[in-house]
Structure formats: C-alpha cells, structure tokens
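Consider the two complexes below, in which chain A is the common component and chain B and chain C are the respective partners.
Then we have the complex of A and B:
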C-alpha cells in the first residue's frame, strides 16, 4: 500500500498530470473492456454453456439456477477491486455489459454466419438489471454483507423475470408429431445440431416434485441462496487478485 | 526481415496447395466393436440427392439393435436418431420410427428391429456430406451410410412457417428476433447510461489518491446517491412490471418439453427364426486382410438359401455368385465382392450345414475395422444376408463372435 496522504496536504492533479491520469483512465477502461469481454465470456461459455446458447435449453428449473450463480462471479470479483480501491460502483454492470458484447459477437458471427443457426435460436439472456442492483446496493450500503445477502439474492431473483419478455414468446405450444412442443423445442428439433441429441438437454431433472408445478420460484430462491454465498467467495477472489503495490510509485 | 521473408514464402507455398473439403464425420474413429455391435444399419435410401432450397428430401431405412451389445457400452435407453450436417443446412421437419412420428429421444431394445424415416427440407445451397446416425447416450455416435447431397437454389427463398396451437402463423427464421434485440438494447442503454455516469469523471489514479487521503465522501456525491436509489428501486419494479405484461400477453405458455419416447420394435426382421445362423468361430488374417467365419446355418424355410452378403459398419461384402445380393447404395458406402464360401451350393430346406465364409477385402483396413483386434472387446458383429432365389426372399441374421487374430 502507498503511504497515507493527509487530507490537509492533499492536492488534486492539475494540468499535465491531470491529463495523463485521464489518459491512463481511458487506457485501463479499454483494456478492461476487452479483458472482461474475453475472460468473462469464456468463463460463461464453459460453465453456463448450452443453457445460454440455445433457446430450447432455457428451462424453468436449471436455467434460472445455473445462470445467475455463474453470472455473479466476475461481477463480484471486479466490484471488489473497483469499489474497494476506487469507490467506483460499476464493476457488475461493466462485467455483464462486456459479457453481452462478447456473447452477441459470438452469436452473430460464430453461430449465425459460421454455423448457419438463426440468431433467434441463440439469443443470449441478459443480467443487466441484476448487475445494476448489485452496483447501486454496494454503493449505497458500502457493505459486503448486505450486498452479498440482498444483492446476491436480487441478482438471482431478477434473472428469470428479466428474461421472460425475451423468451416467454418461445414457450407458446405447437402441435408436432402428435405431441405438444414449445416453439423453443421445435427449434431444437428442426434446426439440426449434430452434437446435441435431445437427451443431453437437462430439462426438469431433479427432485423438485413435491411443490406442485412451481419449479421456477423454487429454483430462483435456491439460486438466490447460492448467489449470496457465491458473491462473497468471488469478492475475496477479486481482492486476492487485486494488487495496487505499484500505484504508489506513479 | 529474413523471418518475414521466410514467412511470406511459406504462406505463398501453402496457399498454392490444393485444399479439399472434409469428407467424413469421424465415423471411422469410433472403436470398431461399437460400430459393429450396436446399431446395424441396412436398406438405407435417400429419396433424392439433388434438390433445391425448400424442397423436401427424406432418408429411410432399417436398423437392427445388436443382441450382442458390448458390455462396456451403456444400453441404448436414451438414443437420438440424428442427421450429421455441417450446421442446419437442412431442417428436419418430420421423423418416424416404425411408422410413428416422434421428436424426442427413444429407448431402443437390444435385439429389436426398427425402420425409420427422416424428412428434411433444403435450407442453404451447397454440396454437403450427410449421414443419418444415432447418438447413443454415454456411448457416442454410430453413423449410418453417408451420401453427398447437392442443394441448389437461393438461400433467401427459404421459408419455415409453422402454426401454433393458438392458430398464429410464425416464421421460425425471424420469430422473436426483433423483440429480443429490442430488450437487449433497452437494458444495454440503461447499463451504458450508468457506466457513462461514472466514467465521465476522473477515475483510477485520481480516485485512488482521494480514497487514500480519506476523501471518500467526495467520491460519491449526493446526486450519485439519489440516482442510485432511483435505480435500485425502479429497476426491480420495471422488471416485475414487464414480466407481468409478458405473462398476460402470453397466457397459454407451457414449459419446455422433455420426454423419452417408448416405441416398440417391429416383429422380428433379423434373427426371425426361419433361417438360423450360429457363429462358431471367427479368425482374422492380418496379412491377407481376411475374416474367416465358421457358421452353422439351420435352414427352416421352404426354399433353398445362399449366403449373399455380410454387412457391418456400412461396409458390404458381397458374394458375386449370388445375383440377388446387393443393396441400395449410399454413395460412399463401401462395397466389394470379397465374400466367398467353401461350399457354394444352396442350403436346402431343413438342412443344417456348417459353412466357412471368407470375407477378404482391403476394406477391413481402410475402414479401420481391423482395429477390432486391438480393442478390449474384440468381438465381431454384423448382418449376414441369405437369399432364396426361387421364392425371392431374404433372411437376415445378426451374427457375432470373438475374433482370433492370425498375425502370420
């Protein structure tokens, strides 16, 4: 850590120093954007994977459980750095926005132009509302505990309703082959994926059988609990990676 | 400079080399004992191999699920009849198993016989190598015979309109796309506004110094806090309102569907009991690339039969002496006249005969079936076709036996 500067002697940068500091801001911002586009997108693709790739994987049980749980990781870690060292409450929004940029680039170029899938079959989900809540809650409370419990929970609970306006319409029923499918299921049947047999989809597998047909709220609350635990874990990972030892020498 | 020059020369040389498109889907990569003793395809035919965008094409055929299913391969309790394509250049519109339409995965029964049909529609023009194949859960992909399909026409002509249960006609190519983009832009604009609110002011070094100096309160202004409070309250409220509006707009939605179809096998087509074949011994001569099978044939049919073909893993070894022997070739199926018998005379009705069949061809090696002898489960499997020339009948036996290699 650098030496504490007494308030009475603190002098803000002016002139050339201020200009250089601002140039440094932009440099870091651009680098951070590309870093998070690449790293968070890769992390997300390897962990959430098919749940986010395909419209016929976005089920009511596992999708709202898995996606926020993985989605909260980078935002927590980056918040730990940006809030703790700079009091910048934008870590979560920055990460999720970077993820979406990377995801859209992939969906358009890799899935549509390269592999011919219609883009509506591979629309990504969004977590921006949850990220905004995480950032504002951290800023207003300046508390890891409160942000973990309430911010983590909100991040998970907001996920499914945030995305229902995008994906709800794909759940309209269609009669195909003497059975009912959703439009999303029909995408999976019609648009051939050689490496994606139907049985690989993890749809309604598990033991949520004794609560009627309310799988989504149960999954969302389960995800909320897990996100509340995942958030501080990744916050500490972020802090562990954050290193400002060279800053004092600038 | 020298390195750059070398790189340029290398690039020029490489660019001059002829490039050919991939012509296979790794169908030879799967271990031979799995290819030979799981899904045994036969009579696979394509309705056409040249068609246009929007035209239908179908592949139909039969398969036998081997009785001698390898112990190391999970039983086919979840299997999916798929089509190997380089992306959705075709769409699958209908699929039938034993005449029944089906969309999900299916549980197959070892020893069972099935016929299938998959109807597709051309989507993107081009020349593609296509196979029907089975995804077997936890086992891999067992390929059926492949063909080259030539799709002509204009990709922009493709249409795929379906009708929902509520009677709405929708275009699958564009359905929900504009709506999805709108919501991503909507939330993206809010995120951008929040980010710009902060990055418009000095960031890292300045804020770090101020925080270090204890000027934390100056970094977050009352206006920042007011905006944050508005965001914290309004965003969740907006999410819930939009969710409710959508739920009211689409009241008749259902969850994603998932299930396993149960379709019973056909009455026995293979090993039907009329002509029984029992494999006594199998030896593979590596140098001659010849499999020598000793089988005991029990002809309980009304007519004399002759062994005309041994087929395994889409390779057809034919007996040139039997006129009826043959198949409807997929264009890159492998066939040859490599099958010969020690006694070519027909096996009469009621006769039991031990026959030595030599199946000799380079296809054992080129199709990587000879790798069997290096498998942990080195058992051979395949379909033996016997023909009654007089009555015009065909009898099929699924045979299997441990293979003894002959190295010299």
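Then we have the complex of A and C:
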C-alpha cells in the first residue's frame, strides 16, 4: 500500500538549479550518444564488420557466434557505470541503439548514396532485443553473476531468431546459370566488391563432422557461453574506465 | 569610464551559465564542415579520385592532403597555445558561480569532442570500408584515407586536446594532478593516428585483401576502447557539479 498523495500538493522545483541539472542531463546524453556511437562502431566494424556489412556474410556458423560476442562488450562496460553509479537501467540499450544509428547513417549515406550498394545488401543486424533483456535482468536482479549467466546467454540466443525476420527472405533459393544460390549469394555476385573475392568470406562451408541442421543452435549456444564470460570481463573493464584517480606526473 | 567598467562587471555576473549559442555554434561547425566534405568526396571521389596517377588527383586530392595537414598543425598549436597562454593563474579562488559556468563551457568542449569522435570513428571509418570495395586502390592516399585518417582523426584529436587543456587550465577540479581517465580518453583515440603506420605497413606487405575484420586492424580497436574512459571524466564532473549545485549559486 503506497501513500496516496494528491497531485495538487506536489510542486516540482523549477528554480535555476533544476534548469541547470536538466541542461546537464542533456549534455551528458549528447556526449554519451556520440562518443559511444564513435567508439563502439569503430570496435564493432573492425572486429565483426564484414559479417554486419554484407548480406552474403550472414551465415549460420560464424555470424551468430561472433556478433553477440563482440556486441556484448560495450553494453557490459557502460552498464557497469550507469547502473552502479546512477541506477540507470539502460546501458546496454543505449550502446546498441547508438551502434545502430551509426551503422544506419553510414550504410545509407556512404554505402548507398556514395558507392551505390543496394540498401538490402548492406542492412545492419539488430541486437536491440538482447540488449533490452540484458538491461531488464540487471535491473530486476541487481546481480552481476545472474546477469552474466542468464543475460549473457539471452543476448546470444536471441540474436539469430530476432534477425531472422529481417534476413530470412534473402535465403530464398534461386537457380542461376545451373547453380543453386540464395538471394544473398546473388547480391554478392551481382554488386561487385573490388576488394572482396568470394574466398575471403568467412562463412559455413560444412565439415564431415557437422550433423543435421544443428549449425545455428550450436553457434548460438557456443556464443551464449562466450557471452557469459565476456560480460563480466567487460563489466570490470568498464569499472576501470570509470576511475577518478589523478596522477602527479606522466 | 567608470560607468563602462560597472556595466561590464554586471554583464559578467549575468552571463548565462550555459552559453547555448556557443554550444550550437560548435555543433553546427562540425556539421556544416563535414556535410561539405561529404559533398566534395561525392563529386570529386568519382570524377578525380579514381586514378591516383592522373593529374586531376594531384589537384583535387593531394593538394587537399597538404593543405589540411598544415592547417591542422597550426590549429593544434594555436588553440592549445591560446588556452595555455590565457590560463587562470588563480584558479582556486574563483566564485562557485564562475566555476559552474566554466564546467558548462567545459561540457561544450566535451560535447564537441563526442561529436568529432562520431564523425571520425563512426562515419568516415566505416565509409572507408565501402570505398575499399569500390576501387582497387593504387595509393595509400585514397580520397577516403585523405579524409578519414588525415582530416577527421586530427580534428577530433585537436578537439579532445583542447577540451583537456580547458579543464586543466580553468577548473579547480583538475588543477591538482592529471586526471588519469581524462588522459586516456584523449591520448587513446589520438594513438589511432600513429597506428595508421602499422595499418599501411600491414596492407602493403602482409594483408593483400581488404578484409575489414583482419587482425591487422585490431590496433585501432584497442585504442578506440580508450574513449570509454570518458566515463571516469563524467563521474568526476558529476561529483564536482553536484557539489557546486548544493552550494548557493551566487
């Protein structure tokens, strides 16, 4: 039972300090937004970029393994500060949303309008659902261990299913010059990339010890384990970056 | 004469704590400049930037490189020299209101730093990925590299160093000692520029294809992480400003 306080008795403080504190909120938000777009995007593009750039890299073995693993890093680091210091349960979603803004702007204005790759060929993957679960779990449990194990696992396991509605259609088979291709393969062959011969693609090619149709779930669960380990590592990296120590000399 | 002095003093006391004009001017400066750059590369990337052995490449791109490097060195020395020369020699004895005003000016610098990092690390970095897939490069100084490495990186380096210098010379918070995470947040992203040395060496003698996720690029990633150290600066700023807002603002 909470106390019933009539709205009319509650007067928000609108003095100078309130306005300043509000202005300061906006400044922090703008800094955080652009700085995280910049550094998270740089980190992401240079470690799993090719899988994220091209539709014909979005396979079953590598893409759902490495993308969550690299994607959980900045969310963990930023959560460590936003949650611990400010009780703001949005660290992961902030990072992932920032990354998506950065990638979308570049895909549209550089890939498409500068160099004319079709947008459908260079759609970024989404990690928003995993980030929401990660933030919610941390908020509800307030526990690094539980968020690592279950949040990290959810971040990886949700990746492929939540991207399937975006990329499933590019897996339609087509017959081209007596070969069976997916639409995604066809995009790769049709829109020439000068620096990317086909052998460069790091995608599933099959092995003699791959059984049935288990490639995607295997990759997702392997990624879930790795994410559970990556999460606490980056949590502590985030903690370290939030230090307020001074040095006397460099 | 006396009247003039009086009115100047009154103006100083009434000066806004957050100068929004400067904030918007700073943000617009980068936006307008980089919009121009995006237009320039859109036009002259295709008409003069495809063959580096052609005379028009010299006119439209190499000259741009020489000019921007000279201007950047002058700007770096000029801005930081000016901030150092006009440093507050009695920084510990300013009024709380003046201190708060400087914190907000400092935040104008920090927001500009985040904005500059966005353009350098997010937009122009990933944009280079698509230019690599559009041309087979015949020089290390492609139009995209001339903009990414030698324009957008130096610009955020200049902005970051100016921000650090402003804090160091005008804010009591940073007067004693060197804020470790502030140093990392400025020097880490700066090191991305020297890392171009490794990058170009590697692309010349080691990785022949344009694999964006090649380990050769991880140096950029490592130094990019350093931008997270801005979380330490935010922690320090929040503590300093909270302390000031608790006091009387006059």
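The rule we apply is simple: the second predicted complex is superposed on the first by the 222 of 250 C-alpha atoms of A that agree within 3 Å, B and C clash if a C-alpha of one lies under 4 Å from a C-alpha of the other, contacts with A are read in each partner's own complex, and residues count from 1 in each chain.
Simple rule for what comes next: a residue touches a chain if its C-beta (ideal position, glycine included) is under 8 Å from a C-beta of that chain, and two chains touch if they have at least 3 such contacts.
Here the structure is a predicted model, which is why all the values come from computation and not from measurement.
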item	value
Touched partner set for A:25, first chain B, second chain C, both or neither	first
Contacts of A:85 with chain B and chain C, given as first, second, both or neither	both
Partner chain(s) touched by A:194 [first = chain B, second = chain C, both, neither]	both
Which superposed partner A:48 touches (first chain B, second chain C, both, neither)	second
Chain B versus chain C as contact partner of A:100, first or second or both or neither	first
Partner chain(s) touched by A:164 [first = chain B, second = chain C, both, neither]	first
Touched partner set for A:139, first chain B, second chain C, both or neither	first
Which of chain B and chain C A:117 touches, first, second, both or neither	both
Set intersection of chain A contacts, chain C complex versus chain B complex	21, 24, 28, 85, 114-115, 117, 193-194, 197, 244, 247, 250
Of chain A, residues touching chain B in the complex	2, 4-7, 10, 12-13, 18, 21-22, 24-25, 28-29, 56-60, 85-90, 93-94, 96-97, 100, 104, 114-120, 123-124, 126, 128-129, 131-133, 135-137, 139-140, 154, 158, 161-162, 164-187, 189-194, 197-199, 201, 203-204, 215, 244, 247, 250
Residues of chain B defined as touching chain A within the complex	25, 78-80, 82-95, 101-105, 120, 123-124, 135, 137, 141, 160, 162-166, 168, 170, 172-177, 179-180, 183-184, 187-188, 190-192, 194-195, 198-199, 202-216, 219-220, 224-225, 228-229, 231-232, 235-236, 238-240, 242-243, 245-247, 249-250, 252-258, 260
Residue numbers on chain A that touch chain C, as the complex places them	16-17, 20-21, 23-24, 27-28, 30-35, 37-39, 41-43, 45-51, 53, 74, 77-78, 81, 85, 102-103, 105-106, 109-111, 113-115, 117, 122, 193-197, 200, 202, 237-238, 241-250
Interfacial residue positions of chain C with respect to chain A in the complex	17-18, 38, 41-42, 45, 100, 104, 107-108, 110-111, 113-115, 117-123, 125-127, 129-136, 176-181, 183-184, 189, 209-213, 217-218, 220-221, 224-232, 234-236, 238-239, 241, 245, 249
